[in-house]
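Please go over the structures that come below.
In the two complexes that follow, chain A is the common piece, with chain B as its partner first and chain C second.
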Partner chain A sequence: MKKLIVITLLLILGFYLISTFSSTPFGAEKVSGVKDFYLKQSPETLKVSNVVTAIVVSFRGFDTLGEVTVLFLASTALGSILYRRRTKHSGLNPQREAVISSSLVRTGAKVLFPMIILLGAYVFVHGHLTPGGGFQGGAIIATGFLLILISYRKFFINHNVLTWVEAIAGTTFVLIGIGGLIYATQNNFLENFLPEGTLNKLMSGGVVSIIYIAVGFKVGAEITGILDTLLTIKEAGLDPDEN
Partner chain B sequence: MQEYLTYSVYGSAILLMLIGLYAALVKKNLIKIVIGLSILDAGVHLLFVAVGYLNNATAPIFSEAVIGKNVVMADPVPQALVLTAIVIGFGVTAVALALVVRLYRKHNTTNIDEIKNLKW
Partner chain C sequence: MGIGSIIFLIGALLFILIAAIYAIIQKDLIHAVIASSLISLALSLVFYILQAPDVALTEAAIGIALSTIIFIITIRNTKRYENE
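On to the complex of A and B.
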């Protein structure tokens, strides 16, 4: 009975969604809005060839600062939701440690780990030239750490180091934004105050590439922290005096 | 052809959203509900990017092959929005999973029928 109600409601919702969207045909020219401005300004004044990066970091840079804050809050909330008594928290889960992965997995992880880190670094350093950027590169780096975490069960990630990387990267982002307030021509927050360079060269885009590298470090550290927290939590029933 | 593309692309995105909503509303297992929310997320992202596409458009990147030529570029604004939405979706999934772990510790089950005040 409940399923029937849900399916009926979903079919009504689906019908109205599709009839709304079919009035704007796929691929047809819509009201252009701010698109033309971004497509013109990004290569000409900012010298950033990836327009999505230009929007995320420069035109809508303040939004990205908020987004990074949300990610930071999520990783902090995770720590506080899964909080155990501090004296008990050794960081290692005895049940997880008891399982030893096969030597094939361990050798493969050892070979692949530096390459994954290199790929992640490439993706966020070239965020203003090719598809990709800080968020994607950070996620790739976190998958490298995930591979190490599931193949070496005793691998221990120091959360103090992660906190410091996050803090320094976040501070760099904000300081560059304040630098725009002081040194840029129009004195706007996050405005470019470094030389733009030439289009399609690594040294281009002014502050955009530096901000995206900082975002890459921050996102990599945060996602690694979240994965480590979720992987190393102790199962229920192991602690006799837990509530 | 245009009609077919409109209904197939938007339809598949909306179908993904409906599948996700169905899982979130009907399934009993908390982990499956979180998976449903992730599928709903994916459907919304697909719909956003599909709306931003233009016919015969390239990716909005001024690479060497594109500079100087008169090419149509896809709308970069929905793509930037989806980039933001993916990151927020990751954060939401992580926090939801942490809450599931917390509930499991308290009640020793992930079935919402066995946890009081969690069914509708």
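On to the complex of A and C.
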């Protein structure tokens, strides 16, 4: 009986999939309309040469605000679940400092860390010109902090600083959105109200580049906070009186 | 797309397949996680060949480094070897 239900459901699903995709000939242009608008509008009126950034930050900017909020909630939830164990063992943990990584790893991390941070900052500052943007740049910066966290056991990340960076970046995003509501010509949330500049220059795109820099700081701080929380909880789990 | 990049693409996809099979059959979970991060490495090259460099950046940063370290933290808190 259960097999019969599964087969019936699969047949229904297959019928709908086939009837959806068989109406389009293979390789034919199915979607039209809004993509031409994006491809035309983002270089001409917004002066943003990276169309993906123009869609993510400007045309679909409210969705990006939602994504950033989801990431913020995930980071906050993880931090609040692990908060008690983290404060108990944070900072000067003898177990954590007892395990020293090799000098090869430490020297390599010291050389590579500024380069990784520079690459991440480059990716989100040039988000409106080259591929990438705030999310990618933030993830790259978090990778650099991960490298330094696993090679230097005494490296201590102040979570208050991370919280302030997150708060200022998120507030910047929302304030720019409200600024578009007040100062822009069409009075929409996240509408551009700064001068657009010239295409393919660093100072172009109006609010798009500022929003992506804020998103980069926010994502980098959040992922770094998550990684530091998880790495600190590892030693707490090894503690015999904890289990 | 030139013939060279098509050959590179097929090679990368075969590498992904082999690494995925290795990650499934490997009993040492650290080795399996390293194999799955190699999948992400090859996949980011595939995205770059297919002209999606921003997706390649995301895959490189998150797939290779961040998800791998989260799996490794989990394994160090539980067990390293998979039982039969």
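Convention: the second predicted complex is superposed on the first by the 193 of 243 C-alpha atoms of A that agree within 3 Å, B and C clash if a C-alpha of one lies under 4 Å from a C-alpha of the other, contacts with A are read in each partner's own complex, and residues count from 1 in each chain.
Going forward, contacts are C-beta pairs under 8 Å (C-beta built on N, C-alpha and C of every residue); 3 or more make two chains touch, one makes a residue touch a chain.
Everything quoted here is computed from the prediction, not taken from an experiment.
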Taking the superposition as given, does A:Val123 touch the first partner, chain B, the second, chain C, both, or neither?
second
Determine, under the contact definition given at the top, whether A:Leu231 touches first (chain B), second (chain C), both, or neither.
second
Applying the document's definition of touch, where does A:Leu202 land relative to chain B and chain C: first, second, both, or neither?
neither
Who does A:Val52 touch here: chain B (first), chain C (second), both, or neither?
both
When the two structures are overlaid on chain A, which partner does A:Lys3 contact: first (chain B), second (chain C), both, or neither?
first
Under the stated touch criterion, which partner chain does A:Leu175 make contact with: chain B (first), chain C (second), both, or neither?
neither
Please name the chain, chain B or chain C, that touches the greater number of residues in chain A.
B
Based on the superposed arrangement, let me know which partner A:Pro131 touches: chain B (first), chain C (second), both, or neither?
both
When the two structures are overlaid on chain A, which partner does A:Leu146 contact: first (chain B), second (chain C), both, or neither?
second
On chain A, the footprints of chain B and chain C overlap at residues 52, 131, 133, 135, 223, 230, 237
Note which residues of chain B are touching chain A in the complex, please.
2-3, 5-7, 9-11, 14-15, 17-18, 21-22, 25-26, 47, 50-51, 53-55, 57, 59-64, 67, 73, 75-77, 79-80, 83-84, 86-88, 90-92, 94-95, 97-99, 101-102, 104-105, 108
Chain C residues touching chain A in their complex are 53-54, 57-58, 61-62, 65-66, 69-70, 73, 76-77
Listed in rising order, chain A residues that touch chain B in their complex are 2-3, 6-7, 10, 13-14, 17-18, 21-22, 24-30, 33-35, 38-39, 42-43, 49-52, 55-56, 60, 63-64, 67, 70-71, 73-75, 77-78, 81-82, 129-131, 133, 135, 199-200, 219, 223, 226, 229-230, 233, 236-237, 242
Under the touch definition given earlier, write down the residues of chain A that touch chain C in their complex.
52, 123, 131-133, 135-136, 139-140, 142-143, 146, 150, 223, 227, 230-231, 234, 237
